[in-house]
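The following pair of complexes shares a single chain, chain A, combined with chain B in the former and chain C in the latter.
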Partner chain A sequence: MSAVAAKPAAGGAMNPTAMAVGIVMLLILVGIGYMVSPMVLTYAPAISPTFALMALLGVIIGGVLIGFGTHFVPVGGAPAAMGQAPGIATGVAMLAAGAGLAGLFGGAWAAELGMVIAVVTGGVGGGLMMAITCMMVNFVYVFGMGIPSASGKVANDPITGDSQAEYKSQGTEGHGLPFISFVGGVIGGILGGAGGTLIYLELLSLYEETLPGMMQITPAQAMPIAVSAAGMFAVGLFLVNAVLTAYNITGTIEGPHDPKFKRWPRAIVASAVASALCGLVAILIVVPL
Partner chain B sequence: MVANIIFGIGITALAGALATVAGSSEDTESNIGSQGDPNSQVQLAPQMGFLHRIFNKAVAGEPPAYGLWCCLGAGLAWAFMAMQINPVLAIVLGSVLATFVQGVYATTAYVGRTASLAKFGQPVYVDILKSMTSVTMAHAFIAIFCTVTLCHLINTALGHPFPLPLLGLIWGIALGAAGSATGNPYYGKERQYQNQKFGAGVPISASGNIVRYAEAGERNSLDNGFFTHKIGGSASGICFGLIVFLELWRTILFEQVGAGWGAIIVGVLIILIFTVIDRYIEVWARKNYGPYTEVKEVSS
Partner chain C sequence: MSVKVEVIEGGVPHNNILAAGLVSTLVCLYLTYLNVLTSTQMFSFFGGLAVVAALVWGSHTIKVLCSYGIGTGVPSAGMIAFGSGVIAMLLATKFGMLAPVVALVLAVVIGLILGYVSNNILNMKIPAMVQALTEMAVVGALSLMGFAALMTGSFTFAGLTNGSTSVMGMILANHEMSFMVGGLAVAFLLGALAIQHPFNATLGPGWKQDRMLMLAAECGFLSMVVAAIMSFALISTGSALISLIIAIIGWAYTYQQYMELSKRDAAAWLNAKPIPDVEGH
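Entry: the complex of A and B
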């Protein structure tokens, strides 16, 4: 059970050099995006020369939202499954992906209603999934196992002020989902769902414009291909960013009150670089090289 | 218009019911197979000197595993439908083939993981392999079939733009996430550590000392599936059923209200309702179960 005893201090320090290198890499990737962006005009002469660059920036913002949002999701991993640590008893990347993809499902459905509506719908879909899941987790802990919620990282719940230490059973780090963890889970689901939907919409608009010219087919014929390709890239980017964050928090986190949460700036830079690289690949498939 | 909404609500209810069965079956399958986080204890026990007859198949985390199986089932069903095969038959065939893949993974995972424990004296029980694998496959089939069917309903009857395989991947991952989040603690704490005190977490010092004996003879994973299905499985089913039902319900009924803002407002209201329920459960537990130790006067 080394995961329970793991101290957040290990690996928690920021490395300015690595951050600077990450930002330089991000600028280089965005620069490449700026260079190749006018090339898509070959397939879609009517669009703006910076259309693909805007899509790339949207993908980066979406990826950063996913990476940041995953930090909020309370995940306890294996120790949580034995009531030895607070959080949801599954992997952080998996739970964040489950919530975010449920949001992406709703956001994609609302795509025709405009970007703002779709992104907000995606966020609410992710938040809804997490709210139901977190509530059912506490339901099972309380009514199935007779165990109240208790945090192992703070003396009092930052929202409700409830004391935590005396509700921890002997020999454990806490258990269940204190209210702050529930709220963190919902916020994580909202950010993840919104980020995934934003990636999907940006790539969908790019593919809708370029695929008919590139494949010499009608827009109606290109639509299913555009939806599928944008959906697959959105799912892939979701997993990339969720797994990056899982490494950043070394597998488990209680939520926004956990000291590990302070590591988020590192994940933001990493998510931006990874999303820029993946987004560039997603754009290059419609660029004549 | 009204007929469309009534049709949509009917499909939503059916999809919610299918999701409930899928969630329940998924959790029971993973508990019989000891997939998910409680597997750590099944793997740890022989290393602590506790040999057992529990099935041990952590193929992957439940979400990616079910993402694969549901995507495979949906993709094959989609291919069969493209070959003009009846959708019902196509979904059954796709789910059966996906279940065979699950069976292969389950077999190799059990043999491989248990063989890695040979140095601790843990044997590979061939009778366990023969009797448990088919049961996990049966439960996996139910979960995959229900998920692929609800994806097909969402795609064809409700008109979601994503193709069937992509919907299978998304809802497969969501199914695994909901099932593992809700069901894992009940199997991991309540069943594996039935010898520990009720109403308290498992002390870290007890790790690996899982219950290995039943009323008669040694406990096996069928006993675990029977036990956990009653609460863990049901709760997982309700969790995934609520997710699918409420997500579809708010979209079908309220998306056209206020140019899309209706579904958003209803979604936020539902989140707030679940927040209140969660807080009620938390406070109820604190009041009725009480603290384990005396309340400290001064806290940091």
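Entry: the complex of A and C
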């Protein structure tokens, strides 16, 4: 059977048992985080006993933001490259990683200015990256390939109210980036960038406090190690969340108006479990074992 | 249920590749421990060989997973392999000599949970999913550890975070010149690209197992060349030179073999030279 005929396996249905198991796993992982949290004090006596637990919760929130935000991004894949489906012509994982890493670098640069400013900067960085990408993609579609933007999933654009059917070519699912997809892309970039930055900041603050005590070095010496360890964990977590969301979407999505968008509750649970697991491992590094 | 797009016809069964890849990766990683026993850094190149073995195994795992239409593209598999692998690997480095085994166990746990999450919570329902994600987390963790051993001669947390710069014969401790700060991100992407490329490049009706695995070995050695060049900054020049020479020899051999296999599988080929020979003028 050809790859075209092989429809994606995942339907829109929820699996209530698995969701419940997922939530129980999440609670167990957070519980382990609560147990190990005071042990971090061995290396950094000055911090609060729940410092590591708060970092874990921050990581989970960041991961959920990434997983939820990715659903907004218009992903077209190979059909979009041929002008047969709306969206940006690449895969979910690549777009989510691109937007999130752009935001992460923006937010990391502002890490000194406090949590709120850094997270907002990360969100703006991710949103800006997606806005530029969406605009250039539309330039290429409209002026390079000569196709108008039209959605195949809705009759009228939910924001502008423009009708879509007249502009849609026969035999396609729509093409280009309609306004709603553009807006969705920017929202997705903002959520993804903010989530990535939040993960980075939480882990960075934890490592900054504990690494000097653990490695018996000065805070200035520990700084580059803390930055790179937090950065690598943030990238790893980001990719895990982005790929899990890609599995949830299975292929292409047009944006927030796409019927596949309704699958987001599954991605929230999945991202929360995966982030709790990976975040716990990241915290165990600075726990005496 | 999903439809399996391609089946493996002939060739080595996946379980044999799994066993061979796992054993040779672990053995190669532990051979770098000769560095400690003999107080040299000459055996760092075994880390690179561990990377090659892990990547060959991992590329076949990606083939098994992506034979089902997962609809997300082959590169995403490489990304989740190293994304979950780096997390297991960094924690495992704390356990000193046990690090490779701990990385294996941790990656299995992370991979199993991620596999359950994607197969059941996200409702993928792909039979190979749990095993494939588990294997890929292990491959990611062990190949990053291989890169660490290749670049620093060690796979412990201290070895990864301590660097030393030798200035005019004086050894200075310098944490900024360490694998963790400079090398990890590069190793991450070197591995993630090398693991997803072979199947992405050879998939289709003309897929042949030996050709894909040879391409995987070629990508592994090519990554090892880059990592060996970077290792000049972290280990002694002689040891880095040994790694580099082995990497270049391995790359040249596998590249030549891959070209032959490609010509074997091609319907026809023309040796179009970059600059045509002009005759008779």
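Brief remarks on what is shown
Assume the second predicted complex is superposed on the first by the 279 of 289 C-alpha atoms of A that agree within 3 Å, B and C clash if a C-alpha of one lies under 4 Å from a C-alpha of the other, contacts with A are read in each partner's own complex, and residues count from 1 in each chain.
What we mean here is this: a contact is a pair of C-beta atoms (placed from the backbone, for glycine too) under 8 Å apart; a residue touches a chain by one contact, two chains touch by 3 or more.
If you're wondering where the values come from, they're calculated on a predicted model, not measured in any experiment.
With both complexes brought onto chain A, simultaneous placement of chain B and chain C is prevented by a clash. When the shared chain is aligned, chain C comes close enough to touch A:Leu277, but chain B does not. Within the superposed three-chain model, A:Ser149 lies in touch with chain B and out of touch with chain C [touch as defined at top]. Once the two complexes are overlaid on the shared chain, A:Val186 sits against chain B while remaining clear of chain C.
Taking chain A as the reference chain, the count of touched residues is higher for B when chain B and chain C are set side by side.
Legend: residue contacts after superposition of the two complexes on their common chain; A:Gly22 is shown touching chain C, with no touch to chain B. Once the two complexes are laid over each other on the shared chain, residue contacts for A:Leu289 go to chain C alone; chain B is not touched.
Touch criterion not met for A:Ala52: it reaches neither chain B nor chain C.
In the superposition on chain A, contact is made by A:Leu237 with chain C only, not with chain B. Of the two partner chains placed around the shared chain by superposition, neither chain B nor chain C is touched by A:Val64.
Once chain A of one complex is fitted onto chain A of the other, the partner contacts of A:Met136 are limited to chain B, with no touch recorded for chain C.
Across the options 93-101, 129-137 or 201-209, chain C meets chain B in a clash only at 201-209, per the superposition defined above.
Of the residues of chain A, those at positions 1, 5, 77, 91, 94, 97, 224, 227-228, 231-232, 235 touch chain B in one of the two structures and chain C in the other. Touching chain C in their complex are the following residues of chain A: 1-3, 5-11, 13-15, 17-19, 21-22, 25, 77, 91-94, 97, 215, 217, 221-222, 224-225, 227-229, 231-233, 235-240, 242-244, 246-251, 266-267, 269-270, 273-274, 277-278, 281-282, 284-285, 289.
The part of chain B that touches chain A in the complex is made up of residues 36-38, 40-41, 61-64, 160-163, 166-167, 169-171, 173-174, 176-178, 180-190, 192-193, 197-207, 231-232, 235-236, 238-239, 242-243, 246-247, 250-251, 255, 259-261, 263-264, 267-268, 270-271, 274-275, 277-279, 281-282, 284-286, 289, 291-296, 299-300. Note for the complex: chain A touches chain B at residues 1, 4-5, 77-84, 88-91, 94-95, 97-99, 101-102, 104-106, 108-111, 113-114, 117-118, 120-121, 124-125, 127-129, 131-149, 155-156, 160, 162-163, 165-179, 182-183, 186, 224, 227-228, 231-232, 235. Chain C makes touch with chain A in their complex at residues 1-3, 5, 68-73, 75-77, 79-80, 82-88, 90-91, 94-95, 106, 110, 113-114, 116-118, 120-126, 158, 161, 175-176, 178, 180-181, 184-185, 188.
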